[in-house]
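Alright, structures below, take your time with them.
One chain, subunit A, appears in both complexes that follow, with subunit B as partner in the first and subunit C in the second.
Take a look at the complex of A and B:
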């Protein structure tokens, strides 16, 4: 009996924090989103806030803006990341490149990634300066605004910059652990390198790439800093919108903010579930 | 044979181009930190200077004090997180039990579920408990996103080392405390160092949680840096970012060297 309880006892401290702060934070958000906020006299449980928010045009445009940013940046990061991993593997300077790519995303936080994009892409950034000096554009204003723009180019590129090394390291680790014999057999049987890549290596890395995709998608979907720093006034990314609603001095407005938070959470819970599924896929390949 | 060489040249070019695109913005950041005057449309600054750096290091700016405070806060977070992660990792790494999958998912969830929702949800409770705007409140909030990294890395370590050594010690008459301090701790210490460095950096880079729960009373280095980025003050923002990056890098390199002395640490991914 004592032996059976041991793992639960060992997990207790971490679970106290997870349940006490993380889960109860989400539960509190849920309760407030249902209109129960006794501090300001809201005591009726109602779905009215959900109805209002979920049919609100500005909410829907924020939701699609957030989904679009996360999806686009994650797909670009995945493609470039795989390309980078594969080319490092084929190069003869593996060690040094590995080190750079591994350290980069760890030491540079998202807000700094936003600054990097601002330094390069804004209308007074280094890129328009270079184009001007090459004679491609003749004035500052000819350069399209890529920061604070409603296509979210600046936000997307900041995420891409941050996520390429992450994807590259995930893929690189798997690629370098894949038995060379598989590729050799295929080559011996007459496959060319391209065929080996698309028919042998790609299927093997796909499950891990999928779970990495989920992680970067979820992260960029729920993160506040980058869209707050580089985003347009409209549409706003969902986390930024949630914060702006939260900041409303009228506290009876609070449930609106919490409905947005619950939408963020709901989508991320679906993503956790998908992540879980992808792990089953990975273990299938391992076996 | 010739064709092979051409192919590998192709991939080398691709590799260097991507690495260049990743590093180029950092070079610009570096140059901005030492710039005095850089008007449009110059590609290189008109004049270099140390104005921004001098400001950061001047006693009136409080930046160094804040940096030290941040290091202290993140160290506290690191120690507490490691402390609670060790037993959890042991449970997940060594034992089979009911609900293990659910526990694993719960521990991973803070990476995926937006911290924005969690912080706003818990804020009122923290105000009521007197934890808002306090050091302890911010530390508690930082622990949440750190747990997934701590537990996952240490779980791998426990999976590798197994339980046999501890069992031997127990059979030979060591009590649980002795077993922990003389057997378990030395065996997991390289893992502790890499988990610790990652946790430190996660805590060091927190913005929203510190901002909301700290309520402007608890000011970390990141909080000083953020307004400069927000207002587009390139010179100041670049200097602060550079100091931030260097602090993380120094910590990271020192730790990597320490860990390599034990064994070649596996790479742990961080987003």
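Take a look at the complex of A and C:
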């Protein structure tokens, strides 16, 4: 019994801090989202704020905008990341490629990545200037608006730039751990290299790729700085909307912000559950 | 069915010679064993046959045509690997049908073939199972069925029974032999197990240090080893130095009649199991003293001193003598193999 409790007792100080902040924040947000905020005179528990927010058009468009950005950037990062990892694996210059590809974008903070995108892709940025000087476009304003646009291209590109190396790193590690002989067996049984990739390697890395997808999707769905710096005025990404609502000087507005936060939390919990499920898929092929 | 020929195959890795001028012919429907210790180049030979590795020199011929330029996926020489290497994300039937699926064989034809294979390797009821749900023997049969399903020109078995134990190993060995005879597939079996090679093959190629030292029928290889290395590979032997004159082998342990008369000075190789011992009352003309004794279940291992020459002898378990006992020894030098002294 004592032995069973020992790890928990040892972890208690850290867990108290982590869970204390996490759980108290979550409970506070839940209480406030239900309309209980006595400091400003809100004392009735109600679902009114949920009803209002969840039927509000701007909330729904923000939710779909956030889902669209996260999904698109994650899918692109997954596809390119897998192809990149596979090409690195087959390349003879593994060490050099790894160092260049992995380390640079991973260590760059998201806010810096957003500024890089702005400097390169905005109509006054480096790329339009180059194209203008090369005579490909007649004026810089001719360059398509990729930043602050309502298709979220700037945001997606920033996420893709940050996430591709992460995916490539995860996939490369898994690919290099898959028994090389399985590919040899497949080739030996008549499969060409393309078939080996699609029928052997891809299905074997898929559970881990799914986990990685959930991680980057959850991050880009809940992250604030990139859509805040590169996003359009409308629709706003959900975390940006939550931030703006939170900063509203009218404190009686706070429950609306908390409902948005609770929605983000709810979706995050689903993602955590899916992440947990994907681990079961990974262990499916063991043994 | 195909005839396979390896011509002067040479392969080096990091300047180390792995295969040194390998020549081998496997006739249609024949089962040949590549027998040798670990690291002697057996698996490399198989990989060269399949096209997974290219030789530095030499040629691989299938039905008298070079296949060196044929890529691995089109060579139709399939290996069954030692560790089965089933695809973990596929069921038994998906594993077996993999090669046919890659060849874009019609699904109905494929399903029929897979069913046939499952019947052949007696895996009915396991079709939907994943490799992790199978025993070692079952995995082995799936790997075998997967290889046979694509109807290879040559089937290559890389130590297929080494991961199985005891009874299962014997059963699988018998099963593979039956299957090979039934389907008449040209087969090469790679093994380090002498008994396995002798029992299963039409011919045996003994491979040592990247060279084929002897190629012949199992009996020939066992009874008439071409070199001392080949003889030693088949277990401990007695080497008795002596000279031959007028069909008499003269040595420190005595003079013996022999039919061999090709050279005058050399060593006579006698297998321990060919030496008989009796109680000293029996007159064999040769007396020895038991120096060491080891019990091995169905056999007894003895070391006997005859005129200060130590002779190894293997008898049935019921021939029980003690260390220090004097025994009569019978050696038939007509069964001996003579090696000329170098």
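Simple rule for what comes next: the second predicted complex is superposed on the first by the 285 of 287 C-alpha atoms of A that agree within 3 Å, B and C clash if a C-alpha of one lies under 4 Å from a C-alpha of the other, contacts with A are read in each partner's own complex, and residues count from 1 in each chain.
The rule is simple: a residue touches a chain if its C-beta (ideal position, glycine included) is under 8 Å from a C-beta of that chain, and two chains touch if they have at least 3 such contacts.
Since we're looking at a predicted model, the values are computed, not measured.
A.B. asks: With both structures lined up on subunit A, is it a clash or a fit for subunit B and subunit C?
C.D. replies: Pair status: fit.
A.B. asks: Taking the superposition as given, does A:48 touch the first partner, subunit B, the second, subunit C, both, or neither?
C.D. replies: After superposing on A, A:48 lies clear of both subunit B and subunit C.
A.B. asks: Subunit B or subunit C: which reaches more residues on subunit A?
C.D. replies: Subunit A has more residues touched by B than by the other partner.
A.B. asks: Between subunit B (first) and subunit C (second), which does A:277 come into contact with in this model arrangement: first, second, both, or neither?
C.D. replies: In the superposed model, A:277 contacts neither subunit B nor subunit C.
A.B. asks: Contacts for A:204 in the overlay, against subunit B (first) and subunit C (second): which applies, first, second, both or neither?
C.D. replies: second
A.B. asks: Going by the contact rule set out at the top, does A:185 touch subunit B (first), subunit C (second), both, or neither?
C.D. replies: second
A.B. asks: Once superposed, minimum distance in angstrom between C-alpha atoms of subunit B and those of subunit C?
C.D. replies: 8
A.B. asks: For subunit B, which residues are in contact with subunit A within the complex?
C.D. replies: Going through subunit B, the ones touching subunit A are 7-8, 11-12, 14-15, 18-19, 22-26, 28-29, 32, 40-43, 83-85, 87-88, 90-92, 95, 97, 100-101, 103, 105-122, 124-125, 140-141, 143-144, 147, 151, 198, 201, 205, 207-208, 222, 225-226, 229-230, 232, 234, 237-238, 241, 244-245, 248-249, 252, 267, 269-271.
A.B. asks: Name, in rising order, each residue of subunit A that touches subunit C in their complex.
C.D. replies: Against subunit C, subunit A makes touches at 179, 181-182, 184-192, 195, 199-200, 203-204, 284-287.
A.B. asks: Along subunit C, where are the residues that touch subunit A in the complex?
C.D. replies: Going through subunit C, the ones touching subunit A are 50, 52, 72-74, 76-79, 81, 83, 85, 87-89, 98-99, 101-103, 130, 132, 146-147, 150.
A.B. asks: Any idea which subunit A residues touch subunit B in the complex?
C.D. replies: 4, 6-15, 17-18, 21-30, 32, 39, 80, 83-84, 86-88, 90-91, 97, 100-112, 114-120, 122, 124, 126, 128-130, 132-133, 140, 161-166, 169-170, 173, 193, 212, 214-216, 218-219, 221-225, 228-229, 239, 242-243, 246, 257-258, 261-262, 264-265, 268-269, 271-272, 275-276
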